[in-house]
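Chain IDs A, B, C and D follow the sequence of writing; residue 1 opens each chain.
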Amino acid sequence: MKHHNQALLVEKLPAYLAHLHAEIKNDKGGEVASYIPELAKVDPETFAISVRLMNGSVVSVGNSAAEFSLQSISKPFVYSLALAELGPERVHQSVGVEPTGNSFNSIVELEEKSHLPYNPLINSGAIAISSLIPGQSFEERVEKIRSFLSNCAGRSLSINETIFASEKLTAHRNRAIANLMRYFNVLADPIEESLDIYFKQCSLQLNCEDLATMAATLANNGVNPLSHARILPSSHLQSVLSLMFTCGMYDSAGEWAFNVGIPAKSGVCGGIIGVVPGIMGISVYSPRLDSKGHSVRGLEVFKRMSKDLGLSLFAMGNGENL
Amino acid sequence: MKHHNQALLVEKLPAYLAHLHAEIKNDKGGEVASYIPELAKVDPETFAISVRLMNGSVVSVGNSAAEFSLQSISKPFVYSLALAELGPERVHQSVGVEPTGNSFNSIVELEEKSHLPYNPLINSGAIAISSLIPGQSFEERVEKIRSFLSNCAGRSLSINETIFASEKLTAHRNRAIANLMRYFNVLADPIEESLDIYFKQCSLQLNCEDLATMAATLANNGVNPLSHARILPSSHLQSVLSLMFTCGMYDSAGEWAFNVGIPAKSGVCGGIIGVVPGIMGISVYSPRLDSKGHSVRGLEVFKRMSKDLGLSLFAMGNGENL
Amino acid sequence: MKHHNQALLVEKLPAYLAHLHAEIKNDKGGEVASYIPELAKVDPETFAISVRLMNGSVVSVGNSAAEFSLQSISKPFVYSLALAELGPERVHQSVGVEPTGNSFNSIVELEEKSHLPYNPLINSGAIAISSLIPGQSFEERVEKIRSFLSNCAGRSLSINETIFASEKLTAHRNRAIANLMRYFNVLADPIEESLDIYFKQCSLQLNCEDLATMAATLANNGVNPLSHARILPSSHLQSVLSLMFTCGMYDSAGEWAFNVGIPAKSGVCGGIIGVVPGIMGISVYSPRLDSKGHSVRGLEVFKRMSKDLGLSLFAMGNGENL
Amino acid sequence: MKHHNQALLVEKLPAYLAHLHAEIKNDKGGEVASYIPELAKVDPETFAISVRLMNGSVVSVGNSAAEFSLQSISKPFVYSLALAELGPERVHQSVGVEPTGNSFNSIVELEEKSHLPYNPLINSGAIAISSLIPGQSFEERVEKIRSFLSNCAGRSLSINETIFASEKLTAHRNRAIANLMRYFNVLADPIEESLDIYFKQCSLQLNCEDLATMAATLANNGVNPLSHARILPSSHLQSVLSLMFTCGMYDSAGEWAFNVGIPAKSGVCGGIIGVVPGIMGISVYSPRLDSKGHSVRGLEVFKRMSKDLGLSLFAMGNGENL
């Protein structure tokens, strides 16, 4: 993996991804998320794969311009912003660094002793992180997040207010989690504002190629490979990537590490991003989900790419050839 | 990390490790394991660090010749042997690949639905793996393990029969786990023989430098850097290392990934090994354990080395300079 | 127990209770509930015992006129009201009849499969029950509860609005539970109104003698022994008393059944009521609580009375003599 | 309930039970236990109901002479014997008095803090109790149990050695539990002997009418209503009956208390006994079990009898007329 040739990748990826896309497109398994009405309105057939390389070039197949909301894929990026704004010490007074073994929206997701959320990539932890983002007003805090994530994507992203309204209306479980955190003084008043910030970040609208750029910014040690702007201090990457590796795929973490082996994050929008440090950012978008909330085709794309391209952090040079 | 210069490491490691050893030696925290009487007899002050590089050279500080029993550090190696003998498909009919979030000897360590052990690096999974090692007789099966682990260490290791007898006598919890697996038909009769094979592998006697060689064999893609013999097919390394990464440190997996970031395995003997692919095998031996069963000084050594040398898989070149 | 002579009890109880009160008064163990500020303002030394017999007579010792808020002791009575208003079939579409083994305010108190609250006497179940009480308006629904509980007590009780305001302000955990029930469609919108009804019933103000009358109404098969009014249809008593027996003391149910053996309900106000069918209603008030939320002196009073008077449902005539 | 007329019961029960038997016989639901091969050999159609009254008379319908093994119904009786032999203080150093909320053979059935079995009526607790029965030899200890249970049944019962051998051979789960208790020093060596004593008591052979007599001995305050011999000190009945009430039906305890409301014990043989203090001992035998291990027809018989005869401890005179 370490010696993946970028020029060679640019040359060979288009045919490889086209082939992969054609094969996996036939998999109609899974169900589109319906827990908020707006999410259920997407076209279930949409299927895109994008790879952004470190030299800034991108290879995409399928409907890579179809837009959707960011959902949980926002979590590692807002965590990155919190690290940049407040430093790791302050941030980890509010959230831990342990995987949970539970599903993404478990109510039992506070540590038994500390009552802190287990990590920043489950709902409780992400809400706690969102509540930490500083600012003079709600609007300023939301804008700080929107702006940071736009920088990661390399273009200005906007919030889908219809999605936001739908999230807010039906967020009974997240509201339960927030009240429980308030009970344990992990979250401060007003919790409804913290929830709103979280719903706003989940409602950012973008396409598959934007996602690949965001992943590539993490793969490129915090520098956006398109804009060449440093988005994140190099020193925070280890924190972000290690948490994505152990906690990014919820209770599929073990199988993902075993079969794919790269830092990743999945969202109920049907997107999955993967970070291959120094090599590429990968994104897949296909909205039909398995029972754990992961894109069915997305999982298959990552398994195949990891094996075919030897992307696993533990691959040690196996399978490097396309 | 990717460009760690082996020659530079050989030159600088002796002074670095001597300094680290001197500092951490003052930490008297933790308790020597006493769950079997023989384990309690070791000198709690013993403290050794060894690093074996890919060119075969070794740097050791402290009592690196002090011998102890292998205990749970045997687990990834016997799992490797099982992969080599039976192939991954057969092996993973008997054990899963998921971390548990529980402690190393939890009785609740069978998956709720399949009733399989969660992974090969907890006691239930390791006993299931040991039961799979084929052979005409008990003696032949034990010899196969002893011989394989000796090849990893680069010298002939022997079983400490006093430790074995002590393990066998007091193994009430492991016997409970084995009977529960027998109940679910995960383990076949005679379960006492499977337990004995497991106790034998735990009782292999070696020193800290041997451990470093074993770790280095994994770091060197399955080839012992001392003997240059291929011990393990290259294709199995990804399985072994990814499981060590997610499951090797039990319920400290998240914190380990966050702070250290390399595949590892800990044992109640007081040893910890770490694998830095393509760079080095690291071992620490110091028998005083924390409440989770990890060597107190061992944890500290790994945290410091990972930070100082930039060893984390997610470090991307930070901290490379000694 | 079955032949407890009421006349004899009237004669002997005053001296017996006075002696008991004097002895147990010395126990200063436990802590006054502080989860809402108002509760923490009571005099921790207050200690009253009242026994209401089936002939309407009452025996009280200590500060039996000291007032406090009803808290969880409201639960079996509002459950009784729901049975009377809606019938058992409708009520048990919303709550189960199983003890939980968890503490009184566990967040994990919804059944795994049905997502219903385990029973009407834990917070989730009580909130679900309160939400079922019918009425044209919030005020009418609250009045229905106030009026029903007043009838049980034999005098008009009023709601302590300071307590209510304090409950409402700090009810993060109950609000978490309500949102989780809303998520599972166990609770309908508006959940804040259901919570307010629940807080109102918890805020009813009364004294120890009132509590004894309420317990005696249950002991007297649903007829208030003071007013001789039938409050509850006889056919619902079995439901109310069996649930008080198995679920009324939260996770102390087994020990309570073993040592005391009568239907009971405890509240964080420091009150405990016990129902000896056909014989008496007992109440104790002493605000210092053990770690499970039960009045420390209250528990001791009940243990002693059950043993001395042979009150257990399983006593079969033992210990009947004072 | 308290005024149930024994003469009236003798007169009316035969027709009532015949009618009940005829109706419930049509229920073919459930599966015969197969966890030991010998248990699977019974005729699934067998169905008997017996009621033994306090005057010694018995009313039986169906195959009341069909023999089967006692299984878990032995638990409250061997617990009674332990109380008689050692006193409650010693006995409850080894087992608790709390229901578990888990199924009858849960492996997680030791209390988290004390590591004691939750109560004497689950497998772990029953094995701990059996291990306490004193005697000079294994044979003497088994004979003490056989003899005590025979006295409860009013005739000499013998052990079915084929059942015993089958139990012993396939007891992987009970052996797991015993080893776990050995680990926590709740059980002393040799644990295999304690298990054998437990398997022997489970293998006692008897018929439905014997069971009714055993239940009636408990209902009659410890005096066998046939032989008029006192089997159990009156002072221990409260302990036995309260534990049967809260723990005798495993995780169906709440529903049983709510719908039936009498102390009871169920066994995988397909038997259930119920104790109506001062009135009657009831037994049902029908080997098809529901998913929780209770006789399907047995549950239905008890629900119907409790309602029709007003047997619940909380019934307060309702439904007394046949």
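Keep in mind that, in the parts below, contacts are C-beta pairs under 8 Å (C-beta built on N, C-alpha and C of every residue); 3 or more make two chains touch, one makes a residue touch a chain.
Note that this is a predicted model, so its numbers are computed, not measured.
**Q** Please give the intersection of the contact partners of chain B with those of chain D.
**A** Expected: no chain.
**Q** From chain D, which chain is the farthest off, judged by mean CA positions?
**A** Between chain D and the rest, the longest centre separation is with A.
**Q** So which one's got more C-beta contacts, A-B or A-C?
**A** Looking at contacts between chains, A-B has the larger number.
**Q** How many Å are there between the centre of chain B and the centre of chain C, using C-alpha atoms for each centre?
**A** 56
**Q** Between chain A and chain B, what distance separates the C-alpha centroids? Give it in angstrom.
**A** Taking the mean C-alpha position of each chain, the two centres sit 33 Å apart.
**Q** Taking each chain's centre as its mean C-alpha position, how far apart are chain A and chain C in Å?
**A** Result: the chain centres lie 49 Å from each other.
**Q** How do the chains pair up in terms of touching? List each pair.
**A** A-B, A-C, B-D, C-D
**Q** So in the complex, the part of chain D that touches chain B is made up of which residues?
**A** 107-108, 172-173, 175-180, 182-183
**Q** Using the touch definition from the top, list the residues of chain D that touch chain C in their complex.
**A** Within the complex, chain D touches chain C at residues 2, 96-101, 118-119, 221, 234-235, 237-239, 241-243, 245-247, 251, 253-255, 257-258, 261, 263, 277-278, 312-318.
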